[in-house]
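Same chain, two partners: subunit A is paired with subunit B first, then with subunit C.
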Partner chain A sequence: MTEQSTNEARRTGPKLSFILPLIGFLILAGFAAAALFATLSGSRNPAQLPSVLISKPAPATPVPLLDNGLGTLDLADFAGEPLLVNFFASWCAPCRAEAPALALLAEGVTVIGIAYKDKPADTSAFLTQFGNPFSAIGVDRDGRLGFAWGVYGVPESYVIGSDGTVLLRHAGPIDRRVLDEVVMPAIKDAR
Partner chain B sequence: MIAELGHFALILAFVTSLLVSVVPLVGVARGNAALMQLAVPATLVMTGGVLIAFAALVWAFVTSDFSVALVTSHSHSAKPLIYKISGTWGNHEGSLLLWIVILVSFAAILTFSGRAMPIVLKTRTLAIQGIVSAAFLAFSLFTSNPFARLSPAPLDGNGLNPVLQDPGLALHPPTLYIGYVGLSMAFSFAVAGLLDGRIDRAWAIYVRPWITAAWCALTIGIALGSWWAYYELGWGGWWFWDPVENASLMPWLATTALIHSVSVVAARGIFKSWTVLLAILAFSLSLVGTFIVRSGLLTSVHSFASDPARGVFILGILLFAIGIPLALFAWRGPQLTNDGDYQPVSREFGLLVNNFLLTAATIVVLIGTFYPLGLEMVSGARITVGPPYFDATFNPIMGVLVLAMAFGPVMAWRRGTLPGLRLVASSAIVAALAAVLAGLALVTGISLAGLAGIGMIAWLGGGILADMVHRMRRTHHVGFGARLGAIQLPVWGMWCAHLGMVVFLLGALGNGLFASEAVVRAKPGDVIDLAGNEITFAGIEARQGPNYVTSTAMLDLRRDGQLLARLEPENRLYTAERQTTTEAAIRPRLSGDDYAVLGDGDAQMGYTLRLYHKPLVSWIWAGAGLMALGGFLAAIGRARRPQRIAELDAPT
Partner chain C sequence: MKPVLRSCGVMFLLAAGIFVGGIFGGITTPAMAITAEEMLDDPTLESRARELSKQLRCLVCQNQSIDDSDAELARDLRREVRGQLMTGATDSEIIETLRGKYGDYLLLNPPISSGTYILWLAPLAVLIGGAGLVLAARRTRRTGAATGQAQEQSQEQSQEQPHEAVAGSDDQASRSGFGAGSGSGSGSGFGFGSGFGYIYFAGGALVLAASLGLYLMLGRADLGDQPLAQRQAEIETAAKAQNQQAETLAAALARAKQQTIDEPTNVGNWLRLAQAAAMADDNQTEIRALTTAREMTGDDVTVKSMLAEALSRAAGGQITVPARTLIASVLASSPDEPRALYLAGLAAYQDEDYARAVSIWQRLRTVSVDDAPWMSLLDDNIADAAAAGGIDIPEAQSRPGPDEADIAAAAEMSDEDRTAMIEGMVSGLAEKLAENPDDVEGWRRLGRAYEVLGRPEDAASALISAANAVPQDIDQQVTTLQMIVTSGLGRQYITPASRLIERATLLAPDRLDLLFLRGHFAKLEGRTDKARELWQRLLGQLPSDSPYIDDLKAAIAAL
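Moving on to the complex of A and B:
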């Protein structure tokens, strides 16, 4: 009986429910078109995100070190020089693309890795395969550190000044261009 | 010469496809039978042209004709014959042509098989299939011509990406494409039905075999891809939530929903507009799946080289192929009236729950795949959401689906009674409790999620077995054999597919809970303990393959001093391409796989070895195989006992 009446309502009622799929599709297509034309015109590039942390001290949430799980990662140990803190994970495809640029950067700058929501064994395997540019690696199993830093997703990197303040946030993989045009200038300024 | 012949055949197919797209529809509009009947021969000519073009391209690859630009950039004379052939579709242009081959072949099969179909429905379906074919033939000819020449022709080619030189590549894309493209038939039927303004039980019975076939092919294709990633990428994982994988999972989820909803249309004549919408969306998702990764919009570890200029054409096709049918749906959908009603506790309701959950799962995957793109548009950041997101969203939905799956099959059509409910419920609960207790007793330190998983799998298995017992009791036949025989093949198919889900889940859970691994730096002579086995690193040697050289590690796997196997993981250097690949060594057993990968290193420092023991991992693919087998059984059963469609028009 009740079903009968809903059927009646459907037949005579507004047809909005039949138009919704089209509207949803057009919105998605609009996004895709905007992304595509931005790519074509060359204006779509990974860029820095605003961060509330800029010019503030980096959050000091302690996380265990990857090596043995005994020690704790403390950024204060690296005070006195600029740092790059890189959030990465073995399950993250763009993180694989970062390896060459990070290796290059690590020749002159201390690079700290934070394994974000990742199993330590997977992280180790990832580093074995793609190389390990990090001076120290913290394990952020449950994403608590990432939450404190306001991480959107991986990969994401922060430049930290000699005094421990956050100078730059970069979301997305670091390639040669980002390294030369974004990361290195920030580190030069910090020095 | 052969290449020009192929190019010409492709142009011919394109021109004919325009004919198929327009003339039969004009015939339907004017009621002109001669124009309508043109759809059949024109479809066959179009198919012939595409097949000749594809044969010409395969020929160019087999004979290493380096005057064809595509062969130069994707092949090499020193490549084994099988990879010359499979190399034909190991690139954007060739795989697009393969896609079109399958698209037109399905239309050709319909011209032969749909003899009993109403001529208007058949003509319209062929015409819609023709329109889709025309769009993709234009895409191929105008942006991705596989026959473009290179002058002067180089002496040798650049080779094929070594990762793709694998039997997996010969099988995985064609199977997956049959699944993707098979959905084009469901799509064409749906659009033709909307044009008719009439979807009935007969429509559902005609379209059903195409949906089942597409689903089986998708299932096998995805399983092959997962298996290939497992043994070829050397990661020991079987699913990575990569955009390309998600792109194949979304149409699979939608098609799984479609298989269930079309059964309601076929049996009861309700859920019509929803089924039509699902058919359109399933094909749309498969279009998105095949092409979005080639447009440069999403980054993926294993996409073809992407090209934003091509992306514009792809976006145009998607707008046209998804937008117009959805507009048609908005206009005509409200006219599709239901032929009956149903009670809240009935099989219809159960299938509604199934569709709701599968759609929710599809949307979750869609969001996880495209959220990074949306975020990038808003903030400019390029990031990924990975397993943590899917673990938190997709898995719970699937968990509820598994719990509900135990009860769906035992529900009766229409009525509010549940004849087998008590048996199924008590079996599911007893099985789940027993499994949880066994898990607590046998596995030390088992996680809560693991316990829940074990309980759920047992719940589903118990429910399915109880349903089998219940149905066999219900028949009036005497004797076990006669009772078995009285069950119809489609029911066996359903059980097989559902049990496949149990097997799949056992594999996923066994591997997820009990896998052990060791990453070590070892020198020859070292012994590594893993999962009760001893692995002795016997040494490293260089070997020569047909077009590569290797460095191969020799690992002796022993249990209690007894030699079980020698594992030989290797790193290959492909000389023509100057690229290396990692080949895992796997000892597959029903109880679990031993899996070894050789990393970098040298004689002084030692070599990095990654060793895994992965319990039940092969059950993942065996489960997928059972699901596909279930689909085939159901399709065969329905083909052998076709429902008499004339009877359907009689009032029920």
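Moving on to the complex of A and C:
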């Protein structure tokens, strides 16, 4: 009997009811492995949400300028070159960490700052302490502008093309790696 | 087939348990992050607001709805929802507005779109697939049982019959797979004897080995958490930098305070205390120090203006009534005091009296020297005020510069006169910079002026101050160092220079001109080996056609 069923098994090959779960498992494992390696290599970040603004014109909600609250910030004044718009706040610790990278970026690219939900006096003190890489700073005291841009936390940065369309959103601080691998390529493409 | 069904049953029970647990867990969770003052008075609108909030994801705590989340953003979104409800927007209008800002991810129930088909169809596919498997299993068992009967009756080997082949191999396979066969003929043990038993064994071993490998590579307890550790390190560095900064400022403030205690009759000490307090964001101390300085100087106009500025800064930029009184009294005695003029213009601007703001600021413009540091800010302010008030400003007035007469006059000056004029400007600038040491542009100008005057030591000091004002600016560090080296002051300024070098090396360790400077100062310090090493490194990095190569080789040889 034993020998007989063994022979039968050899002849008919594996059964469907075992192959199917195996295939299912392998597919799932494949997805998991792909996600894991994408995360490790940095090309996938689950914390980065897609922005609905991509390829759309940047919102033009007017906000006052930080310099003594005179005048309003208008991104159209900077049209014709790619920009980086950086939402920051003096109360935000990672905003301090990205100060050196922004300073580096500002050597070749116009960087616009939006002080998000921050007191102007605190913002000024923050800029004195950590340096001011910004060509212009808008004051978004109540977060209206942030809402228009779909900002969900600071720091958050947007690369804007010469024509004023949003090309990239990066949530979280810009360090050297992000600068070299994410921000600079987007700006290069925009040029 | 039975073990398969049994494990399916166990899995079903588990799933049901998780489901039921989830329901009860959901009921017992204390929901409601909303505070009383956020709620709307109208109970119908408020209940609509709650329903909407439960459908919207908080993008900060991504597995909570904005109804559950205490995050700042969730509160903003709750306010936005209620604000729109008050204006009479429908539920779907509100959801559409928010989705327009934050995208589909905002919705806890993802909409069916090309990207989410898998999400919505997968459960259906699993259900259909599962039903198919169960049906197939039932049919196999029925035919298997019938064949078994026939087999018992005939006691014949009938391997060629397709029914029996299917049933027999199925029995065998279920044993090999689960190692717990309940039928007859368990002599083949774990099924190593059967051909595909090996496949399962190998597959299982492969999965185990791969898991172990992945664990050792990425998941070991002694390895840091990958993204979290990195983020925390960043936050820690930032916090450390901030603490350091705060400590430096606090120490400077404490030193300045001590000086006013040691020598309370020195006005300079009180002014320095005011400045340190302003840097450390301590408005109250600044105001106290300036008040003391004002009493000691007998209402000096500059001190009074500084006090007015400090009072306004403490009020978040608003020119307050006491500040206005001070400004008015300053301008009554000296109508050209620049700080008071600037603040008076700002006060007029804040009163929306734009014509007055423009006229005051234009007055400031005419009394300021052309390269005063506030000029560009002032021009912007004048333009803003003019735009806000619809005032036309003549071009010539808004951008005056040295006219031809001024240039001619300067050209006709004797060398002595010109030097005297520059000296006058320089001492004024130096005084201003003592008050405001962060003015990099001012330090650079002062440095250039001293170079023109033939005072290289003073020029080097000014440029070191410029480099200290912008410690992150690598170019300024290098420019200052180059100036020190080219004026032959390296030995004299070796201590401040080595600080600049340290700073610059951290910023750009491989910068070529920095490598040269580092080598130069190493040589001055007598560390010949270090100098040789740095210059050799530079030599290796210079392009082969660089004109500096011969000089550098000679310098290395001279070490």
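Definition applied: the second predicted complex is superposed on the first by the 143 of 191 C-alpha atoms of A that agree within 3 Å, B and C clash if a C-alpha of one lies under 4 Å from a C-alpha of the other, contacts with A are read in each partner's own complex, and residues count from 1 in each chain.
By definition in this document, contacts are C-beta pairs under 8 Å (C-beta built on N, C-alpha and C of every residue); 3 or more make two chains touch, one makes a residue touch a chain.
Since we're looking at a predicted model, the values are computed, not measured.
Judged by the touch definition given at the top, the superposed model places A:P100 against subunit C, while subunit B stays out of reach. Of the two partner chains, subunit B is the only one touched by A:W91; subunit C is not. In the superposition on chain A, contact of A:A60 is made with neither subunit B nor subunit C.
Of the two partner chains placed by superposition, A:I27 touches none, neither subunit B nor subunit C.
Comparing subunit C and subunit B on the residues of subunit A they touch gives the larger count to C.
In the superposition on chain A, A:A76 contacts neither subunit B nor subunit C. Applying the stated contact rule after C-alpha superposition, one finds that A:Q129 touches each of subunit B and subunit C.
In the overlay built on the shared chain, the residue A:Y152 is in contact with subunit B and with subunit C. In the superposition on chain A, the residues of subunit A contacted by subunit B and by subunit C overlap at 4, 7, 11, 15, 18, 22, 29, 39-40, 45, 47, 49, 93-94, 96, 117, 121, 125, 128-129, 143, 152-153, 172-173.
Residues 3-4, 7, 11, 15, 18-19, 21-22, 25-26, 28-29, 31-36, 38-40, 44-47, 49, 89, 91-94, 96, 117, 121, 124-125, 128-129, 143, 152-156, 171-173 of subunit A are the ones touching subunit B in the complex. If you check the complex, the residues on subunit C that touch subunit A are 4, 59-60, 72-73, 76, 80, 99-103, 105, 129, 133, 136-137, 157, 159, 165-166, 168-173, 176-177, 184-185, 187-188, 193-196, 199-200, 203, 207, 218, 226-227, 231, 234-235, 237-239, 241-242, 245, 279, 281, 313, 316-317, 346, 349, 377, 380-381, 383-385, 387, 438, 470, 472-473. Residues 1-2, 4-18, 20, 22, 29, 39-40, 45, 47, 49-52, 67-71, 93-97, 99-100, 103, 117, 119-122, 125, 128-131, 143, 147-150, 152-153, 172-173, 175 of subunit A are the ones touching subunit C in the complex. Against subunit A, in their complex, subunit B makes its touches with residues 234-235, 240-242, 273, 277, 281, 284, 292, 295-297, 299-301, 308-309, 311-312, 315, 318-319, 322-323, 326-327, 329-330, 333-334, 337-338, 341-343, 370, 372-377, 379-388, 517, 519, 599-600, 608, 610.
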